[in-house]
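One chain, chain A, appears in both complexes that follow, with chain B as partner in the first and chain C in the second.
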Partner chain A sequence: MTEAYDVEFVERGDRNIRFLVRGVTPAFANGIRRAMVADVPTMAIDEVRFIENSSVMFDEQLALRLGLVPLTTPPEGEFAEDDVVTLSIDVEGPGTAYSGDLVTSDDLVRPADENVPIIKLKDGQRLEAEADAVLDRGKDHAKHQGGVAVGYRHLQRVTVGEDISEFEEQEAQIIRGVIEDDGELVLTSEFDHDLSERYPGKEVHVEDVPGAFVFHVETDGSFDATDLVTRAVDTIDSRAADLEEAVQL
Partner chain B sequence: MMVPVRCFTCGNVVGEHWEEFDERAKQGEEDPQEVLDELGVDRFCCRRMLVSHTDLVDVVSPYQ
Partner chain C sequence: MELRVTESSENELSIEIVGEDHTFMNVLKGALLEHEDVTAATYDMNPEQSGGQTEPILTIKTDGVDPLDALEDAAGDVREKAGAFRDAFEAAKAA
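Right, the complex of A and B next:
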């Protein structure tokens, strides 16, 4: 049942990757995208117990802000869906309470960004709270959404044609994404998204390459972008297995 | 009141860039466009979160 797909990286960073997949259908490409957005479990604060809150914001508002702080999500299998990690925060004004002030009970789950201001505290104001982080999916709440602005485009093949006539003005030809030029992958940002910049004085034809998709994946810091993709594919795999079992006679 | 933690539209974390943006572009003299580019806030949905934000905590704090 396993099929091999040809995957090629165009850009690769911790939180930001761009890669090309060949030999998939548009439906499957969209399935991966949707799984990355909605089906990969991530850690986020879900319940907050306030011990003291004399800041200018209500408990509920602060709980929402704490929930939106991205937390690092441990490797698959470390935690079950209903496990809880407790984080606590205790900051006294004057000063600002940051996400980095959250003290975690398990080092695998800690704030991915330390500089997010939670609330500014004035003289004598204090915030003391205990928060429970749980594993859940983007489907249920956007705070559990590991992938940010995940999308894909067709790979575009560029063929250079004839020279344009001497007296003709060349028009700008804007495309975005990644082009394939003689087997070489080129980001359109390298030539300002304008084909007339890369091939001056030439006629250029652009066509979509069937079955080839360039994904652009960004994460909120819960895990590496490559991790997000593999986890998304794993969720599709396990859901497909569940379905197969469910429809068995 | 406080700067939103994430971008409303795409969910990218923008709160962490607020203080530097405020210091350099709002209080300071630098061009907001350049500051945002340097901070790596690329999409216009995330950029508007910072550009259009006003901190009101100091205004509200006397009224408990």
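Right, the complex of A and C next:
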């Protein structure tokens, strides 16, 4: 069985991509989506040692907030499951402690964004703590979820029909995602998601293209969105390899 | 990956696949159903409350081949799919 997949990028940023895959089964598409959400490991703070916390929040509350700060995750193979990276924070009020105040001991793992507020400190209040970041999967805790908005839709093929009758008022026809118009891929946001904007005075017909899915992938900054996709595919691959091996025994 | 055979005969197999969820099981089931000699393939995920049985159980019925061989083939097919997908994705990324 030889699979012929065809991938084409529609939008491409660091944290945000949209791409079309042809020739994929719904089961496999959903497997990749689920793997991106729950199975790709990312770094996140898991244990915090407070040296001083005279802020208005309890240690536990701050520990949760620190845990939710997205950290960059090094390339596959750089870190093992139970490796620990220590980050420290020392902020004195008045002012706000931001994720950017976290000082890392390993430059591969640092806050993905500098401007996540952790807590506001009043005059004389102080937060000093050490935190250990570990690698884990979204399945175990949402803070380890690399993909924050991951989904797919069918590619929709639009065919233009007859003119609508002269005395008929055209109704808005709202669709979302990506359409295929004469082999050209067009984002629906280009025409305000309304087909009557793009084809005024025409009847249009919309159908799903079988086996063609448009994925939209957005990450929290742990890694590039393209990395998330390849790592998700790798987790499926490695599980299939495990199974193959287990069956042979 | 730990496997536990719960029922086995010449053309039928029920097997527990420890530690997996819908993510992998559905992909695997999909691959099994594409196999010519597999007449039926399904999996059952149980909720936590179902009397301690929480691992997914995969059931395969085949026609003329050992279901275990079919499972091995399907695992290979999933790997092939994953590889093909990765290649296609990398090619598009580089373009």
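In this section, the second predicted complex is superposed on the first by the 244 of 249 C-alpha atoms of A that agree within 3 Å, B and C clash if a C-alpha of one lies under 4 Å from a C-alpha of the other, contacts with A are read in each partner's own complex, and residues count from 1 in each chain.
Throughout what follows, contacts are C-beta pairs under 8 Å (C-beta built on N, C-alpha and C of every residue); 3 or more make two chains touch, one makes a residue touch a chain.
These numbers come from a predicted model, not from an experiment.
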item	value
Which superposed partner A:I89 touches (first chain B, second chain C, both, neither)	neither
Contacts of A:I32 with chain B and chain C, given as first, second, both or neither	second
Chain A: partner with more touched residues, chain B or chain C	C
Which of chain B and chain C A:F19 touches, first, second, both or neither	second
First (chain B), second (chain C), both or neither touched by A:A240	second
Chain B versus chain C as contact partner of A:A225, first or second or both or neither	neither
Contacts of A:D6 with chain B and chain C, given as first, second, both or neither	second
Partner chain(s) touched by A:M43 [first = chain B, second = chain C, both, neither]	neither
Chain A to chain C touching residues, read off their complex	1-9, 19, 21, 24-28, 30-32, 34-35, 38-39, 139, 226, 229-230, 233-234, 236-237, 239-248
Chain A residues within the chain B interface of the complex	54, 56-57, 61, 65, 68-70, 99, 113-120, 122, 142, 145, 148-149, 218, 220-221
Residues of chain B touching chain A in the complex	1-3, 5-6, 10-13, 15-16, 18-19, 43, 55, 57-58, 60-61, 64
Complex contact set, residues of chain C against chain A	1-3, 17, 20-24, 26-31, 34, 68, 71-72, 75-93
